[in-house]
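These notes open a run of structures that come right after.
Each of the next two complexes has chain A plus one more chain, namely chain B in the first and chain C in the second.
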Partner chain A sequence: MKILTILKQVPDAESRVRVQHGSLDLTGATYVLDGMDEYGVEAALRVRESGVDAEIVAVGYGPAATDQAVRTALAMGADRAVLLEGDAFHDPLTVALALADVVREEAADLVFVGGKQADWDSAALGPALAEALGWAHVDWTTAFDLDGDAFEAVHDVDDGSETLRGRLPVVVTTQQGLNEPRYPTLPNIMKARRKTLDTRAADVGQDRMVVTGHAGTERERRRVMLDGDARSAAGELVRRLRDEAKVLREEGR
Partner chain B sequence: MILIVAEHAHGAARKSAFELVAAGRTLAAATGAPLAALVIGADASSVATELAGFVPDVHVVADPALEPMRSEMTTRAVVHAAEALGARVVLVPGSRSGQSYGPRVAMRLGGAYLEDVTDVSFEGTAVVAQRPTYLARVSAAVRTEAERVVVSVKLGAIAVAPLADTTGEVHRLDVPFSDDDRRLEPGPRQAAAKGRVALEEADVVVCGGRGFGSSEAFERHVVGLADRLGAGVGATRAVVDAGWRPYGEQIGQTGKAVAPSLYLALAVSGAVQHLSGMNRSRVIVAVNKDADAPIFKVADYGIVGDVLEVVPALEEALAGRD
Partner chain C sequence: MIDFELSPEQRQIRDLAQRFARDEVMPHAAAWDRDATYPADTVAAAADLGLLNVGVPTEHGGLGLAMLDEALVAEELAYACMGFYTILMASDLGVTPVVIKGTSEQQARFLRPLTEGPRLAAFALSEPDNGSDAAALRTRARIEGDEIVLDGSKMWISNGAEAEWVVVFATADPSAGHRGVVAVVVERGTPGLRAQPIHGKLGQRCAPTAELVLDGVRVPRANVLGEVGDGFALAMRTLDRTRIPVAAGSVGVARRALDEAARYAAERQAFGAPINRLQAIQFKLADMAINVETARLATWRAAWLVDQGRPDAAASAIAKCYASDAAFATANEALHVHGGYGYVDEYPVAKLLRDVKLNQIYEGTNEVMRLVIARSLVR
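Right, the complex of A and B next:
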């Protein structure tokens, strides 16, 4: 069988993100393979290690520098990679359509997609890709087991978690808890350099939605520090929450 | 027309449904377009009646297989309704389920998807919205001219709508489901902590971090304080990873995003991934023994101290409040 794992590169969480005059300033940011995508690579490797005969193809999309993220996946153990090179930003639905072409061309059975992107804060790519393929999807997945072409998955829902059973093909989106991604070892990093990376220009259509500006989200905060011992600080806090911020309801004891 | 998808639980509409009514009314008023609600479920009649107090038309799709929510069945129902009613904009909640069928509906309609927005409006014929990006540190303005637009609205971002003074009509909608819509078979469910307010709907959230040191201390102090305040209980990833609390209580990038009136962050360091789930809270209180903890940068009120002393003192102060 063939497993695809979709990758993108995002600014490291510690990188500074600034907004100046309505545009985004990411100068000096370090880029890494999105942590949510890493869970997908690891999940694919574990399916293979459970005894399934599978080829694992890492599929990256984004600017040329995304080859770093793709190399990380190869060093973790993916067999080969495809990089759809294109602009840093596209509407997730547009990306999904371009990726669907690759999934069909590869005749994949199982696709892992990061549950939520750390740059666009989007959880849409997995469901959109499944829809473009006419496949089912499982989102926010915390456990995934395959037996032949039947799978059982546990995923997060609004009020807890749910088990889902189904058959391949399927798109699975990741969630924290799915696994602990392995670190690439030095020998594997060396080996990854010899693996095939097929770079091609992404064939994306017209974006259905465009970004027209940016703003920071930092709010004005009071930043009042309450001093004194625990008792007096706590007393002062309650008074201020009630009288100044007006967020304590009187009937709540 | 503007169509809202009203989600519900235990026979009552969720808070998100009334947030969507508010958003839908604004869009409808701006264009003179009619507003309708769609209720999907096994037996959605009580929810439909409830919604009829808020919108002029409520369409109901009822099928036993619709509960628990299945993404593909819901997609079919929403697409069918949107096409049958000629919806320009479909508003869905930014819940886990809304984010599951929302992109599918947009794709199947050949339209655009504006995801997890904090507000939405018309600008001429375009639909424009604001949405958080970069772990909620940035708000991006987005715009689409698409003929059909699906918008998921971030939970808690818009104030709920008041009752209308007319009674709406309830209509039944028959949807031709296919076997494929049922290809995933739902198995056992694990419910998050029962009897407590849903985190995203809570007006007050008490969140505890690793600094409590044990699940017992967390239970006594964080859950204890939350119960006193009628608040939701939140946890950091460190706490969830330690196995003290279930995932369902995690707040942040990979957990839930909340925007209560009051958020108490107790022994929480304030990592970027955590802040992205709570930085829209109206008032933030931080208690941490480290005066340099990043959480103080976003706090309205801060106390430098040991939570094991400050929380009991807080309980005492609250008890003596009236």
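Right, the complex of A and C next:
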């Protein structure tokens, strides 16, 4: 069988970005493989390691610098890669339609897509791709098992999780918790040098949607200082985190 | 003609080393230093990722990493802990003479096992009574039929007690000076070989160092690298290469010192503002950045020459000398920027200074580096 894993390069969450004239200035940012996409590569590798005879093809899209992300996938263990190269920003539906052509051409059975695009946060690419292909789709996936052409998956829903069963082909959208991606080891980095990377100009056709305006949101930090000794300051911090910020919950509540 | 862009693989190699350094080395470095523990598990984890013995050629199961690639790894690991990197570096120091001069039979016998697990090599040139004047070594090598018998002692041997084997330099003829030197591979457990750990080091305390006592150690002549008499030149050719990782490690320490100083200077307030508003502090940071950048340039150039098949003794010595002096100065200034807090172990800067002092001493002191550089100038 053939597994495709869709990749995008995004600014490193730890790199320095500046806001200028209401928009992001990304010059000087370092780029990495989107962490959500990394879960997809790892999931594909685990399917193969579970004993399935599978070819894994990493498919990247974006500017030429995306080859770095694609090579990371090759070094992690993907067999070969395709890069749809293009500088312009496209909406997720447009990208999904271009990717659907690759999926059909490769005659893939299983496609992993990062859950969100770390830079645009659209969470739309996986669903749009499944729709374009007319395939089943599993969203926010935290567990995935394959047995023949039958899969079982667990995915997050608002009040917990659901377990789903279905048959290939399927598009699986990743979520944190799906796995712990491996490091590309040095020997695998060296081996990846000899794997094929097929770069093509992205032919996306007409954009389905264009961004016409851009406005930044700025929020001041509260800069609250808690006085008093350590014990009372800690108590006050817990109270604020629980009652105001609502990031803490008491047991049973 | 000049291109400072790293290749995609080189960026991956650096990223891997950086990630490993951040996740597996940095969180433990202070405790290893305090307790002088040898981090066996982390060495094994490094071996799993392929970061150990990177110089072993591909035909013997290794990666045959280029020197520039090795420099990238060195900088990242030393950024987290120079002592930890010394463990890996000293193993490659042992590997290098076997790569340069070993027959393919010797390479298969000694190098392949190093690629099959977390196994170390070592290099034993220095002795209790001579270091800089290496040709004055006194360890005796007597040839008896098919065997070589070694007697003497070797001082300051990194990985000396842990290594699978050690390249021992000895003299077959003390009256012949450096022309009498022979390089012999001695395997651990050979009768008569004893390792005496050395304690109480100022820095790099997780990197084990030992004195090796050789008392009638018999090894087959098949363990001699090259011929009797080739040993000294082999030691020098080895060091011409391995000084580059010392330089690269120094760059890593310097970069860490700069980062620590910049962070602290942004947090620490004096006279109503962060101290990084003071031009005196800004200039220190600028000088540190000058050190990091220029040391890296010298290091990469020396590495590039090796990768072009033109290893250059003077270029390596310039890199090692300059980078380690620059790193020492940078760590010293970083400590100073921390004021009183720099003087205690609560912050990592004191360790940086203690650790990097060794870079000015081992693989030839920086005075010896100047001798090597001068030799290329004075004819």
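Annotations
The rule is simple: the second predicted complex is superposed on the first by the 218 of 253 C-alpha atoms of A that agree within 3 Å, B and C clash if a C-alpha of one lies under 4 Å from a C-alpha of the other, contacts with A are read in each partner's own complex, and residues count from 1 in each chain.
Following the convention adopted for this analysis, a contact is a pair of C-beta atoms (placed from the backbone, for glycine too) under 8 Å apart; a residue touches a chain by one contact, two chains touch by 3 or more.
All figures in this text were calculated on a predicted structure; none of them were measured in a lab.
Contact with chain B, but none with chain C, is seen for A:19 once the two complexes are overlaid on the shared chain. In the superposition on chain A, contact is made by A:130 with chain B only, not with chain C.
Judged by the touch definition given at the top, the superposed model places A:176 against chain B, while chain C stays out of reach. Looking at the superposition, the partner that touches the larger set of chain A residues, chain B or chain C, turns out to be B. Of the two partner chains placed around the shared chain by superposition, neither chain B nor chain C is touched by A:104.
When the two complexes are overlaid on their common chain A, residue A:200 makes contact with neither chain B nor chain C. Of the two partner chains placed around the shared chain by superposition, chain B is the only one that A:140 touches, whereas chain C remains out of contact. Residue overlap on chain A between its contacts with chain B in one complex and with chain C in the other: absent.
Put simply, chain A touches chain B in their complex at residues 11, 13-14, 17, 19, 24, 36, 91-93, 96, 115-116, 118-125, 127-128, 130-132, 136-140, 142, 152, 156-167, 175-177, 208-219, 221-226, 230-231, 233-235, 237-238, 240-242, 245, 247-248, 250, 252-253. Partner chain A is touched in their complex by these residues of chain B: 7, 9, 68-69, 71-72, 75, 95-97, 99-104, 106-108, 111-116, 128, 130-144, 146, 180, 183-192, 198, 204, 228-230, 237, 246-248, 253-254, 261-262, 271-273, 276, 279-280, 282-285, 296-306, 309-310, 312-314, 316-319, 321-322.
Those residues of chain A that touch chain C in the complex are listed here as 67-68, 71-72, 75, 183-190, 192-193. Listed in rising order, the residues of chain C touching chain A in the complex are 8-9, 11-13, 16, 19-20, 48-51, 54, 63, 65.
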